[in-house]
Amino acid sequence: MKTNIIASIISLALFGTLAHALIELPTNTSRLTSLVTANLDESGVSNPVTAVLLNFRSYDTLLEMGVLLLALIGAWAVGPRQTLPGHSDDTAMLIVLRLFVPPIILGAAYFLWVGAKEPGGAFQAGAILAGALVLLLITGRATWFHRDGWHRFFLSIGMLVFLSLAAAPMAMGSSLLDYPRSQAKHWILIIETAAMLSIAFTLVALLVGGRPHCKEIAD
Amino acid sequence: MNDSLIRILLFAAVALPLFNALAFAIPGVRLAAWNGSALAALPALVLALIAQPGTEAFGLVVDETGRIFLGFTAALWFLSGWFTVNCMRRERHRVRFDVFFLLSMAGNFLLILARDIPTFYAGFALMGFASAGLVLHRGDSEALRAGRLYIALAVFGEVMLFVGFGHLAAGSASLRIDEVVSSSTSKAAIMMLLIGFGCKAGALSLHFWLPLAHPTAPVPASAVLSGAMIKAGIFGWIRFLPLGLVEWPDLGITLIVLGLLGALLGVAAGVTQGNPKTVLAYSSLSQIGIMMVAFGVAFLDPASWPALLSALIIYAAHHGLAKGALFLAVLPVKNCRTRWHVCLGCLGLLLPALALAGAPFSSGAVAKLALKEPIRYLPGFSAVLVGVLLPLAATGTTLLMIRYLSLAWPKQAPSNVRTSDDSLWIPWGLAVLSTLLGVWFVPGGIVDLDKVTTPAKVWASAWPVLAGIGLALSWHRLKKSFHWKTPVGLPAGDVVVLLERLVPKRIRKAIAFVPNKDPASLAPRVRVDWLRMASLAEQRVREGIWVLLAVLLLALLLSMR
Amino acid sequence: MNSALLLPMILFSSFFTGLIIFFLGESMHKARTFLNLLGAVLKVVLVVQLLAGVHAEEPYHSVLKLAPGVEIVLTADALSVFFVTLSAALWLLTTIYAIGYLERSPNRSRFFGFFSICVSATTGVALSGNLITFLLFYELLTLSTYPLVIHKGGDKALRAGQRYLAYTLIGGAILLFAIAWLQSLAGPVAFVPGGALAPFADEHAWELKVIFALLILGLGVKAAIVPLHGWLPNAMVAPAPVSSLLHAVAVVKAGAFGIVRMVYEVYGIELSRDLGLLHPLAIVASITILYGSFCALAQDELKKRLAYSTVSQVSYIVLGAAIFGPVATIGGIVHLFHQGIMKITLFFAAGNYAQALGIHRISQMNGVGRKMPWTTVAFSVGALGMIGVPPLAGYVSKWYLQKGGVEGGEPWISAVLSMSSLLNAAYFLPILYRAWFLSGSPEQEAASPAKRTDWWMLVLPPVLTALFVVYAGAFAETPYSPLEWAKMIAQREYEP
Amino acid sequence: MPTDPATAALWLVLIPLVTAVITFLLPSAGRCLVTVALAIALLPLMQLIQYLWVVDGSVIHALGGWAAPLGIAVSVQGDKAFLLALIWLVCVGVGLYSLRYMGEGYKAFWPLWMCLWAGLNGLVIADDLFNLYVTLELIGLAAVALTALTGEAAALKAAVRYLILGLTGSLLYLLGVALTYAAYGAVDMPTVAKVMTATPTGNVAIALMTVGLCLKAAIFPAHVWLPPAHANAKAPVSALLSALVVKGAFLILVRLWCDVYRNAQTSGAQEWLGYLGAAALLWGASQAIIQQRLKMLIAYSTVAQLGYLFLLFPLIPTHANAWPGVLLMLAAHALAKTAFFLAAGNVIWAAGHDRLRDLDIVMPRLPVTAFAIALAGVSLIGLPPSGGFLGKWLLLGVAMESERWWAAILLVMGGLLASVYIFRVLMLVFSGKAPSDAVSFQAPPPIMEWAALGMALAAIALGLASELPLALIERGGRP
Amino acid sequence: MELSKVYMLAAAALVAIGLFAILRTNHVVRQLLGINLLGNGIFLLLIAIAQAPADAPEEGLDPVPQAMVLTGIVVAVCATGFALTLIERYRAVSGCLTVKEGADAD
């Protein structure tokens, strides 16, 4: 009971300070919108958020992909060994599978493609694709878990592609993540597809928790 | 030629006894060194005879007073050395005795011949500590008590000297004795040196070790102790006190009073003693008292110092030789082999005793008269005081001599007791001869014969002796008629008995007070509850972390206003 | 050998042999003994060369810059060479003695490793050119002597080690604070004959006084000044070569040497006098002298008594520094050397008694003279030297101290000195008396010292140092005696 | 190879990331891949230092070609190069040690470690507040995963507590970043610094960021997660955590207070950090003295040594010697603490436990490890020949100049308190107990002992050959 | 008071509630939920900041905070995923879901 009171006092105090700080906010603070719109056409994508995410502040995204991979490695290193659901031939599930998986995959592809112009992109597509993969997992058809090599490849494909494309300009003399202005759009697309794949597989692996019990996966 | 000979002799005088002593350490050479202890004193003796005053070598010098002192000291060391060779042959710690004997001899010669202060002080200390070995030789409880006292006084004396020399040499750069004494004026130095040498000479209030130490030491050792080593104290006074330069009346008077008191106390205590050697020790005490009077006079009237000096030298020589002879007599005389030996022993005893008492025509008379001469012209009442009391002291000495003779009268040894072997008689005999002739043939002829032989002088030296004999006879008859037992003797070393009872309790308590325990054991082991308390505190912080962070946030915000 | 290289060579000659010895196996006796002796002899040879150099007034200076205002400077002036010669010579003897003493004891590589490092630290303390270098080697000395103090192991040794550390580390911390404060006032302070702080005296007078007090506190721990001497008697639990090294050569001397440096070469004797620092220092030193001797009276353990006697003897050096005037300085500085050789003789002898006859207490020492004549002769020479009996070394330093005291206008000093000599006699003479004149109880008589082939290793060092005591005392006037060197130091101190 | 230093620094971030991915792909090849990565990383590091040696100035590099306020900028200067070199050196030491220590098991150790290394390098060179959040998160997660690697109950509990507090800390930091963006319209440090004025939002932002970072840096009240986490992790992990991870958050705090929020008169607030430092110093040392387990003792010693860094926090911008002193202190502590933890690892490898009371039989039989602990202890206490002493000496000078006597006394007192718990460990070596075979003893492989000794020697060498590092730190201005 | 200020206050409230949730319990999963709440509060704040200020409505949303939110969300997801796995392992090993500041010091 005592901790509740203390906790409430502290959080109220925090709320008070935050509110005070936010109310005092001056309205004329400069913003980066104008800067973004000015450089938008050079970024190779028309959606400003994707431009910021994958071109202007692409270093953040690179590190963020690193965090994603790290979370997975951590989970596998720490998490308890998990058993995958068995192969189920329940007709209802089969129907659901056939009905939903292809459209979801198509939807994911659409989101990926539209990201350049409209809100969307690798992360949203990845999440949707993960949904499809979960369906497969539940019905015991998560075959990729059984082939460890391929599974690790798919998990790290996003990071691999992004790193190689980021390092490429350095090899060509200019600095890190400095895509050639002309092909920027294509480079971003390649990165986004790879990122989508690895995000999807990572989310599913995180859902499973620890490393799955499988015959050929040596610990 | 003889200059280089003298230089060799100078070196040999000190070096021979030293190397002899060290030789004992090497087992192989021990035997040869054995009879070396007798010959060790020879170079010094020869040096004293042939050296002209003022020759210097190896930091040593032979000056006027030095030569005479060296003469009679070397003679005494030579004779007692010879005596030791014979009498100590069967002793248990023979080697240790010889080593200490030789070391003291070396120290004694070194301090007489020293030119600068450190050498003198080195000799003095060497003699002090080595002679302690002689006193402790017998090793029984009495020797231990006497030895401890002797060492204590010796060390105290040396420390006093150390401080005295410091003050003396404060101003001057060089350390040569003559320059230093003439240049320094500090009164503190004089006091320190007086006390320092007083300890060694056995002046009153610093004398209580003397009656204990001399008797317990073996005969040759006590002969040298009483004869030569006490004189070192006197020699030190002569050398270092600015006599004839400084006029210090009240010091003079105190010295005179102390001297006379010492003389009288010596007699009073000595007469009642049972051991002949103690009697002799007390007699030395009184003789030193008389000499102190001379120093007192020197301070009163500095002009009279040269005369006093020569008187003191003669007196010291005479006393040294006589006292040596008397001490050496104790052993051979005890159980003589034949009647002829007995009468020879009587003669041998009588002559030095009379000389010591100052009988006419003896060396004692010469010395005493020489001493009285300058005192007579003193102004004021001190002259009277000295004129009357000095003869009284002489009678006292006679009384002591009679007491000594009564104790140490030579007796025919009963058939079963081993008689003292003849080899002892020769050195003793020579000692007696030297007392008789020594003073007369004092090198450099200070003494002019005619003055002594005038009838007035003869009478002046005779009446105290006669008075003494008279007193002794009357005392003897009274004792016989009233059957008095001889009154119980004052315990030897009177003052010390008192001291021993008073002081030790307090000293022992003081020493015990010093912390001897291991202080670390005091710190109680406090760690345990500290441990529990600290881990609880950590617990508190763990639970209250958010409160503390909130406080930090608040503090940051407030401080930014 | 060019001069810039000589100083580091001296410093590191024993350091490297020490490091190598560390990693030698326990069983490699020959290699270890050879390395030990090699290090010792090499150092003595180099020091002799340095002696000649400094005598001829050659400049020796080598600098290692660490950070802005922080430099490791090694210089060799008369005073530092004096201390280096002492430590180098006595280290050679102590090494020989230690090899003999620790004949069959465990982990000797560790012992000799730390042993060599400790001496290089002492050399560093001696050769340091500025305050920071001095502090560096001063702390290194603490570290290298700690393992030596607790070499035997067991909780008694550990407790003594704990006390030792507590004292020395707190002392070191105070010294660090004082030096940092001094540096913030007067910039990096180097050792300059005649002192370097005169210009700062007027506006910082008060701070300089406090800093001086802190410096003396910091150094006083090692110089065993009375309130801070607690660790010394407890450190006696260490083996004999260590307690001799600690007391005669390394730790205690480093403290005293530091105080001499502070008074003469940091503050300068004139400034110290003007600030009125000398008088309290003299009083503290006198109290230590008397208290140390008084405590020694009460100790029955031989090494404890010697420890307390060291407490009092080292303060002679401090007293010498605390009296204004060249004569007292000579006395103080020459006592630095004399106390070293005398005390090391006593400890060698004490070690021999413990090793051969198992005697630790004075009450057991009856009749030991006959059984171990040479050792006891050495002990007697050392003891008599300590008392100040003339022909020996102790007398010379006491003589100069007292003469300086009287000339410096402080006669009470001769009272202190004489009182101390009396106390020295009071606690040394009974030992000599027992050794020579009394005969032990029957079974003690029977216990003849275990005959060993290498007994010379144990007996030779004390006899040599005893001879040196006699030489330093009797032949004090000869050109290459410690007294002459001390006179040269004093002369350079007062002339610049 | 790239010529301009910032790209060289970025290589230092890329190499570990690439290695992490590859070791994830090929788990069994973890050990040799990491050794190769460590070797390759030396090249850009040397180039970076050589370049900075010639050009005396701070080099700012816009990533992806986009200028600062829009894109992310990375800057490199002397002190950052020194920190990168320090991180590399510690990683080499830990790497050598783990080659034998981890052996075949714990395959996940290598990729997690590489991510940690990448995060640390990224943090040092980052100039963007949001980027710092991502690197902080990268380091935090990697550290928690590494702590939980052993899988024992105590380690997991510590890891969970560390995670909760870590996440809260970084989110508070993110809240601060958001408010800063709201108040000043940019997240790039130099831009914000230029436009900085004392607005209430700004003040709240910096306050929140400070509390968040205090949680991550385990400064006094927020140190509760550190001892259990560092004590129960495996030896190389606790070495990494203690030496580098906690220092990252401190570096951000310094950048924030000294660069970004410099002219928003916040000097009053910095005093508080100084007092926190003093409290940490005393609290950590007193707790370390009473610990019964060796690794807990070392962990609390970290809490104490962090106090040193914070003690003179307010003086860093104003006094010339303060920042080199703090950096030297930081580096010496990192090296010494790594040596200490690696040595503790050896002791646990040999004895099977680290209860101090029963170690007196084991310690005498580990001479090299004991020597490593001794040297590390010398640096932690701050005794002369070591880097710790030099850092403490410089800080003492600064404290004295600024008349902060309490700080000066605390600096000296800290050393004394440290000596108590250091010598408590060292005394075990001289216990003189005969090695009884009743106690199980398994000698650790020599490379592990020599790795620990190597790091300790580096700490001492930092004190002796400190002219080079100090000159490097002076290059290119200071916060 | 325009709409963006309302969102900001809502965000502040979310942050406060999140913090309250973390502080009041030592049940780890509830604390994790609190952390997520705190994170979402911050992201809401970021979006509210992205709103165009009243006096220059034509500029539209500022993409940079949005990008930050996206990155933030991904990081939050990773952290939560890893945390849940860790907590599951912790429960498997120690049998309880709370991290009480028990008597055992470590």
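So that you can tell them apart, the chains are marked A, B, C, D and E in the order they are listed, and the count of residues begins at 1 in each.
Going forward, a contact is a pair of C-beta atoms (placed from the backbone, for glycine too) under 8 Å apart; a residue touches a chain by one contact, two chains touch by 3 or more.
As the structure is a computational prediction, the values presented were derived from the model and not from experiment.
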{"item": "Any chain in contact with chain A as well as chain C", "value": "B, D"}
{"item": "Remotest chain, chain C as reference, centres from CA atoms", "value": "A"}
{"item": "More contacts between chains, B-D or A-B", "value": "B-D"}
{"item": "Identity of the chain that, by mean CA position, is farthest from chain E", "value": "B"}
{"item": "Most centrally placed chain, judged by C-alpha centres", "value": "C"}
{"item": "Rounded Å distance between chain B and chain E, as computed from the means of their C-alpha atoms", "value": "103"}
{"item": "Distance from the mean Cα position of chain E to that of chain C, given in whole angstrom", "value": "68"}
{"item": "Centroid spacing, where centroids are CA-atom means, of chain D and chain E in whole angstrom", "value": "27"}
{"item": "Where chain B and chain C are represented by their mean Cα positions, the distance between them in whole Å", "value": "39"}
{"item": "Numbers and ranges of chain E residues touching at least 2 other chains", "value": "15, 19, 23, 45, 64, 68, 71, 75, 78-79, 82, 86, 89, 105"}
{"item": "Residue list for chain A, restricted to those that touch at least two other chains", "value": "6-7, 10, 14, 17-18, 22, 25, 29, 31-32, 36, 57, 60, 64, 67, 70-71, 74, 78"}
{"item": "Chain D: positions in contact with at least two other chains", "value": "70, 130, 134, 137, 141, 144-145, 148, 151, 156, 159, 175, 179, 182, 203-204, 207"}
{"item": "Residues on chain E engaged by chain D in the complex (per definition of touch)", "value": "15, 19, 22, 28, 31-32, 35, 38-39, 42, 45-46, 49, 64-65, 68, 71-72, 75, 78-79, 82-83, 86-87, 89-90, 93-94, 99, 105-106"}
{"item": "Chain A partner contacts - residues on chain D that touch it in the complex", "value": "2, 6-7, 10-11, 14, 17-18, 20-21, 24-25, 61-66, 69-72, 74, 106, 108-109, 111-112, 115, 118, 122, 130-131, 134-135, 137-138, 141-142, 144-145, 148-149, 151, 156, 159, 175, 179, 182-186, 195, 199-201, 203-205, 207"}
{"item": "Complex contacts: residues of chain E adjacent to chain A", "value": "5, 8-9, 12-13, 15-17, 19-20, 23-25, 45, 52-55, 59-64, 66-68, 70-71, 73-75, 77-79, 81-82, 84-86, 88-89, 92"}
{"item": "Chain C partner contacts - residues on chain D that touch it in the complex", "value": "321, 324, 364, 367, 371, 374, 378, 381, 383-385, 389-390, 393-394, 396-397, 400-401, 408-409, 412-413, 415-416, 419, 423, 427, 430-433, 463-464, 466-467, 470"}
{"item": "Footprint of chain D on chain B - complex, ascending", "value": "527, 530-531, 534-535, 538, 541-542, 545, 548-549, 552-553, 555-557, 559-560"}
